[in-house]
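One chain, chain A, appears in both complexes that follow, with chain B as partner in the first and chain C in the second.
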Partner chain A sequence: MKFGILVNEGPYTHQASDSAYLFAKAAIDQGHEIYRIFFYHDGVNNGTRLATPPQDDRHIPNRWSELAKEHNLDLVLCVAAAQRRGMVDPDEMKRNKKDADNIADNFRISGLGQLIEAGIQADRLITFGD
Partner chain B sequence: MLHTVNKSPFEKNSLETCLRLSGKDSSVLLIEDGVYGALKGTKFEATVKESLNTVKMYVLGPDLMARGLDKNSLINNIEIIDYQDFVKLAVENERIQNWL
Partner chain C sequence: MEEEAQSGVIKKFLYINRRAPHGTIYAHEALEVVLIGAAFEQDVSMAFLDDGVFQLKKDQNTDQISTKNFTKTFSALEMYDVEKLYVEKESLDERGISADDLAVDVKIISSDEMKQLITDSEVILNF
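For the complex of A and B:
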């Protein structure tokens, strides 16, 4: 079965990033496909590569990047939410004339259409967030 | 249909709204702070017990344990499940409504 996952909450806020991650892992364990994980609103902050949490704490952005690398997941940050919050990939850096980018490995920035498409293509869409 | 509730009923009314609107034979899964809705002895106990006549209720075990609670704290007939079961519920139910 194909799952789409929507994450609407930033990392280290309440629990949404953890719940979504553990759900995604359990779904993969059972042989399901994760069609896409879409990060919206403060959820886009899951995709920063500049986070340095304490060493004894989970590293939420790296954990997503590693899961995506291992299972070839499509991690998408909403472009409008990302622009508001200063989440920048190399293309957005050029387009908006910024001096740096900060997107973590295996994330990409795209539009809200990607969420709609995930809703259409996936068998189930599940939302985590505030 | 699978409903998830992730807020404490003491914080938001999403559990009450969910239970009022969920159809017969729905599954309601309490996750994150939503697990507080499954506790015995709160002012929500009567509402939850009433709903158990028409819906199946589940609580996510890891989130329950993370809050220092266990099965002894729960209203009867609420099942404790893990993430693997969570995925299975999502597969069994054609639609998912996440109350945030």
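For the complex of A and C:
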């Protein structure tokens, strides 16, 4: 089956991002396809490369990056949500004249159309949020 | 900026709004999804239940809380061909809201009909 995944909460405060990660991993392990993982609302904060969680805790952003690298996943942060919350890739940095970018490897920033498209193209769109 | 899906597939999208309009950003950002999604020419319905029914209340004023009064946009949904708005009767009754209190034309349906609407939908986005 082809899954689209929507993550609506940021890392650590809510379990939603952990559950989405575990779901994606389990789906891939069982031979399913992940069409796209879209991050919305505070979910865009999963894409920061500046997080430094304690050594004995899971590193949620890095974990997403590694899963994406390993399985060639499409991790998309909503541009409107990202701009509000200060998630910036090199293009956005230039466009909005910021002095830094902070997006983790294998994430990209794009529009809400990517979420709608995932809903259309995937067999199931699964939401993780509160 | 947004690319339209060229697949020609039309699915039944249902946007479910369950939260109050203010206090969190969910309702506001949900409406942004609906507006962008309108360009994809899908079969779109919106459902309002629980505290989500407050989103449709007329004459809202956010001047004192320094947020954008995005609820005005509900009146413009028709221009985006988003015309199927469903509100759960039980949620209205529990909150003492009548159809006259709402800013837009909606279809008021029962909880059982709401269940059927959800069952019949293919892509459900819950905010």
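In this text, the second predicted complex is superposed on the first by the 130 of 130 C-alpha atoms of A that agree within 3 Å, B and C clash if a C-alpha of one lies under 4 Å from a C-alpha of the other, contacts with A are read in each partner's own complex, and residues count from 1 in each chain.
Throughout what follows, contacts are C-beta pairs under 8 Å (C-beta built on N, C-alpha and C of every residue); 3 or more make two chains touch, one makes a residue touch a chain.
Please read these numbers as outputs of a predicted model, since none were measured by experiment.
When the shared chain is aligned, chain B comes close enough to touch A:14, but chain C does not. Once the two complexes are laid over each other on the shared chain, residue contacts for A:30 go to chain B alone; chain C is not touched. Of the two partner chains, chain C is the only one touched by A:80; chain B is not. Legend: residue contacts after superposition of the two complexes on their common chain; A:93 is shown touching neither chain B nor chain C.
Once the two complexes are laid over each other on the shared chain, residue contacts for A:51 go to neither chain B nor chain C. In the superposition on chain A, contact of A:40 is made with chain C only, not with chain B.
Set against each other, chain B and chain C differ in how many residues of chain A they touch, and the higher count belongs to B.
By the touch criterion defined above, A:115 lies against chain C but remains apart from chain B after alignment on the C-alpha atoms of chain A. When the shared chain is aligned, chain B and chain C each come close enough to touch A:125. Judged by the document's definition of touching, chain A residues 125, 127, 129 lie at the interface with chain B and also at the interface with chain C.
Those residues of chain C that touch chain A in the shared complex are 1-5, 7, 9, 11, 13, 25-26, 29, 32-33, 36-37, 39-40, 42, 123-126.
Contacts from chain B toward chain A in the complex involve residues 4, 6, 31-33, 62-63, 82-84, 86-88, 90-91, 96, 98, 100.
Interface of chain A with chain B (complex): residues 1, 3, 8, 14-16, 19, 22-23, 25-27, 29-30, 32, 124-130. Residue ranges on chain A touching chain C, taken from their complex, read 6, 40-41, 80-81, 111-113, 115-117, 119-121, 125, 127, 129.
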